[in-house]
Amino acid sequence: MIAITSSHISDERIEEIVQHIEKFGVAAHVSKGTDRTVIGIIGKADPALAEQLRAMKDVENVIKISKSYKLASRDFHPDNTVIKIKDVEIGGDQLVVMGGPCAVESPEQIDLIARLVKAAGGQVLRGGAFKPRTGPYSFQGVGVEGLEMMAEAGRKHGLLTITEVMTPEYVDICAEHADILQVGTRNMQNFDLLRKLGTIQTPVLLKRGFSATYDEFLNAAEYILAGGNPNVMLCERGIRTFETYTRNTLDLSAVPVLQSLSHLPVIADPSHGTGRRELVEPMCRASVAAGADGLIIEMHNDPDNSMTGDGVQSLFPDQFANLLVDLEKLAEVLGRKFDTPKQRIVRGADEASWLTEDELAAAGR
Amino acid sequence: MIAITSSHISDERIEEIVQHIEKFGVAAHVSKGTDRTVIGIIGKADPALAEQLRAMKDVENVIKISKSYKLASRDFHPDNTVIKIKDVEIGGDQLVVMGGPCAVESPEQIDLIARLVKAAGGQVLRGGAFKPRTGPYSFQGVGVEGLEMMAEAGRKHGLLTITEVMTPEYVDICAEHADILQVGTRNMQNFDLLRKLGTIQTPVLLKRGFSATYDEFLNAAEYILAGGNPNVMLCERGIRTFETYTRNTLDLSAVPVLQSLSHLPVIADPSHGTGRRELVEPMCRASVAAGADGLIIEMHNDPDNSMTGDGVQSLFPDQFANLLVDLEKLAEVLGRKFDTPKQRIVRGADEASWLTEDELAAAGR
Amino acid sequence: MIAITSSHISDERIEEIVQHIEKFGVAAHVSKGTDRTVIGIIGKADPALAEQLRAMKDVENVIKISKSYKLASRDFHPDNTVIKIKDVEIGGDQLVVMGGPCAVESPEQIDLIARLVKAAGGQVLRGGAFKPRTGPYSFQGVGVEGLEMMAEAGRKHGLLTITEVMTPEYVDICAEHADILQVGTRNMQNFDLLRKLGTIQTPVLLKRGFSATYDEFLNAAEYILAGGNPNVMLCERGIRTFETYTRNTLDLSAVPVLQSLSHLPVIADPSHGTGRRELVEPMCRASVAAGADGLIIEMHNDPDNSMTGDGVQSLFPDQFANLLVDLEKLAEVLGRKFDTPKQRIVRGADEASWLTEDELAAAGR
Amino acid sequence: MIAITSSHISDERIEEIVQHIEKFGVAAHVSKGTDRTVIGIIGKADPALAEQLRAMKDVENVIKISKSYKLASRDFHPDNTVIKIKDVEIGGDQLVVMGGPCAVESPEQIDLIARLVKAAGGQVLRGGAFKPRTGPYSFQGVGVEGLEMMAEAGRKHGLLTITEVMTPEYVDICAEHADILQVGTRNMQNFDLLRKLGTIQTPVLLKRGFSATYDEFLNAAEYILAGGNPNVMLCERGIRTFETYTRNTLDLSAVPVLQSLSHLPVIADPSHGTGRRELVEPMCRASVAAGADGLIIEMHNDPDNSMTGDGVQSLFPDQFANLLVDLEKLAEVLGRKFDTPKQRIVRGADEASWLTEDELAAAGR
């Protein structure tokens, strides 16, 4: 840590500051420049010291050189964290695709979509039972029943499941039903929720706050890790900028940045990151090329009639299946595997029904 | 609500969209331009309709014309909401000043500061017992005991008290001890917390999320109002922008904007809004001139030794007292009252002790 | 300047970096921490050194401690710069108000508005002859003729004039006709324009780029000062943020920040800073309370029929006159003068005509 | 275009607004909702009408439905624009890579780098003769001589050349020496420069302003197109956000967005977009995967000693050559060609010298 003083500081004042620093059991190292004096703090200082220094008269700036997070840092843990859940490894060689609707709507809906995600080659079924909504009058999710519907669909079709948890008191019940718990962008700094997630071992997908810096993001992960849960994945899902054409600005540089600062797996969410269906495919490809360990993609059998606003960013099942075939080729060139069995999907008799290649063949078509 | 279609839409597709709209029990009104077709939705539509339309093929954009919040809107409640707590009215003629430390540290500290806030002419004592901190290794507040210390100091010195609540399960105990509950910037969209606050009657000071739009801010207030608690104050505390010299960018236009869109009182927080002590005074003046109903200001008897990083933005007690004298004059010119009794404060024998004018007189100095 | 190295740097590499630094004729001062090594550079280094260091292997970060601008800095010039033009002083005790239309439209229009600005108590007439417009099909200003119309109106009514210059080749002709030249927000980093303005002595009002940091803003001023023109005013006119309800976010903290970093006068522009007429009045008051040396305000006799889009943010003449009366009282409380003669203005027989108190009296009404 | 009125508008006022609209020779179409009234404007309106409506009493909002740019729009020109310069086509099947230093420093430097760019498989040599710099004391480029050095290097090694032009008066001389003219991010709204570039036929690479929306970006392109120069490429180079770890936030969604809104080629600049060497490679891959028509990449033989600060984001020649080999494979999977001859590059005897595979072979190593 370094404290930079104002240009007209007296020697007495420097001495006072040095004494203040030494009270914390660390050494101070004064270096006078032509313009300003710099005081280096040598040793592991209490976080309060930085904060007090910043408040002191004649101190212009305090710069932390060591990172404020430890367990999340690659300095601390040089090898990649690979999270193994049943037969899926996240953060290893394999690309992982999580697909499904914004919200669980009914047993039939989630079963149909699970079948399609599996056929297309995805490994994880996503779906929200509790939905965080900007306004109180919007659809808030089907609740606990949705957890059961999704768990059932995941089991039946051989998919892992991921669902969002919004409040500490629901962590246990969500962890009972889902393989991965998601923390949404608005809850990235809901510290009580993070602390609670640190007390269990269920893997957590932590979404970046829509205005969080990388440093804040990794500090949020640190809360979970420090509590004792090492199974954290980071998810870039777009940040808020001045541009309003897209719902958010997907910050794909976050992928290599987070992978260099941290050992945790990094997942990209081009659905929320762009908010527009026609951008999801190119940005999925770009995410994989940037090095993402996985993707989380909204897919819906009938987006026009979805119960939340996210239909606009949901892929149709046939698009989703075609995309996954493309991603397999792309992954190969990039030295990654994505070798799950994959089938094309085609639209069935009516708007919202869909058939896999196998089903078509079985139907003799 | 208006749906704007793509330029090459067919008449059949327009008809399909119209039928979809009519299923929601509202009327559709088609208006063909030279370039695009606009479909107006007449009547109070389900929020899901907007979201579905947005997802539909050939719909380029959906624009909501009515606001998504109701109870928070001035259209719905044309007169100002005035929140009366004991003898203090917030949102009326009187300017309200809330002052105190970032965090409650000890009974002595909070008692001393309460004495100074009262002497200077403030009406409310602020202080955090639970502190939301970016990293898990920073001081997290003294907890429930802090609530008691603050309640005691408030009672003794005749001040209202305000403290932050971070999680639904602590709402009741915080409400037992404090007159006003504060929702912090990171919790503005902690919807479970907002819902819980809607079930009580204790006034709530809702801080704007550091990247929340006015619309999202008012929707967050709507959660509390819709739950049945009408006593909500809005607090502008700075937003996140590209500028890093200040901790945040205090968006003072929010004051007249929120007052025009809503009937709720608007409080400004120049301490967090700037993050630098030397900017707090001019920005307090600017806030009052912009029309704020009150200010929340960090003040500490010994900022160099405060336990959180916010010492850097805390006023010294003498600055605080002088500022309040200035604000009274300013308020008068602006047609507001701020006529609480006010004393100057001077530094005592050592760094962290302070005396009011009365005490000086009593001591015969 | 300080270079911070990566955690695993070798002593040999540190020595190489030190030798590289010493080639620039400055000293290097190595300070090893428990985690990272910090190299201080003592002496006035070539700007290229910082840039090269940043590019070097094993250097994680380079922090400049001295400011990159000199002539604009208050360190260099502790007293306020007061720019005296005829009998108006900008940056001194007196508050200065610049008012007028977005664009000069005709001799009659600008003459009428000049008469009203003068009557209301303003000191400077603003008006654009050349307009920077986002799209090529919008009205681009009346050009050189507009300069003449405005100069004539200024002379006749005893007002200084300010107009925008967009390109180096027009600097001379604009300086012939106007008392102050304005550099628009999009041109803050048009370095050829800034260099050209450095070669004359005409005062320049430099608007902050809508996404420029304070540091970049002061560096832009430095271009003009370094060229030899000391007469620069800084103008805060709103920055671009995620909020779209207002046209820009007026960053009023810029006023005290720039006044502390620099000695140059600071003007606020609440018209562009908010983009909404109803916000101009409160934000003018807030600007003065924040300590602004002056205001630039759009006022139009007939905003509904103005030739640019800025009618929406233009005050009506009666609003403008009432506001200036209020500002005089406010300035007084704040220890500033604004004692120009002021008359109220009332609407005349038709929409776009206006009468001053004197004219009313003369007309026997 | 649509005007949305306030909720309490009278029928008389609506009629007045309609009459105002009709004065512009277009039709108005009134549609009364339960809450607000919407007035549709049918026909091609003068841009001033929108602006006047926005300023009118009782008009809450004006929404333009047609785009403000025409020639840049894909609606107007459905097929991709392919810009052919000598034997290189930009915007067609072939991926185009532009490589080279931030600044031309000497004939030897630019000749060496041109040789390496060609060997690695690039098609265009980049290099600045005039450099836009934040502060006046930084290196400003070698000027006109640099243009000649670069033209000579391009000719000798069979590369096209691209260089930045900063001011209208240098357009002609730059166009004499370079194949493509670049408009820098700070000049995206230097309208006089854009107008001048509209008068020539030399292709222009227009960089997105670091805080420009897509709409503003395409309007800037429209200035050049409207002047008569159809040869415009759009370049995404990162936007300014709250995140400061990267120099800018590379907005890769811009690639598919701009390709859908416009027919112009889209180039990505991961060097400026990230400002960190270690991020350039993954973001080049991501750019190609997102669909970019080309890349502009900083490469320097000796970044530690480059004369501008951009060494930190410059690839070393061996990294550049390896990257281009990878990009060829990636392009193939994505249905694009990048089949220029490519050689690996290795470091020579000293830090700043480099050898191609052919040279190594010729040297018998």
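As written, the chain order gives the labels A, B, C and D, with residue 1 at the start of each chain.
FYI, a contact is a pair of C-beta atoms (placed from the backbone, for glycine too) under 8 Å apart; a residue touches a chain by one contact, two chains touch by 3 or more.
The model shown is predicted, which means the values in this text are computed figures rather than measured ones.
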item: Far-end chain from chain B, centres as C-alpha averages; value: D
item: Between A-B and B-D, the pair joined by more C-beta contacts; value: A-B
item: Geometric centre distance via CA averages, chain D-chain B, whole Å; value: 41
item: Euclidean distance of C-alpha centroids - chain B vs chain C, Å; value: 30
item: Between chain B and chain A, distance of the C-alpha-averaged centres to the nearest whole Å; value: 29
item: Touching two or more other chains - residues of chain B; value: 211, 240-242, 244
item: Residues of chain A defined as touching chain B within the complex; value: 20, 47-48, 50-52, 54-57, 68-69, 132-139, 166-169, 186-187, 189-192, 195, 210-211, 216, 219, 222-223, 226-227, 240, 277, 303-312, 314
item: Of all residues in chain A, those that touch chain D in their complex; value: 211, 213-215, 239, 241-246, 249-253, 255-257, 260, 273-274, 278-279, 282-283, 285-291, 329-330, 332-334
item: Chain B to chain D touching residues, read off their complex; value: 2, 4, 7, 29, 31-36, 38, 40, 42-44, 63, 65-66, 75, 211, 240-242, 244
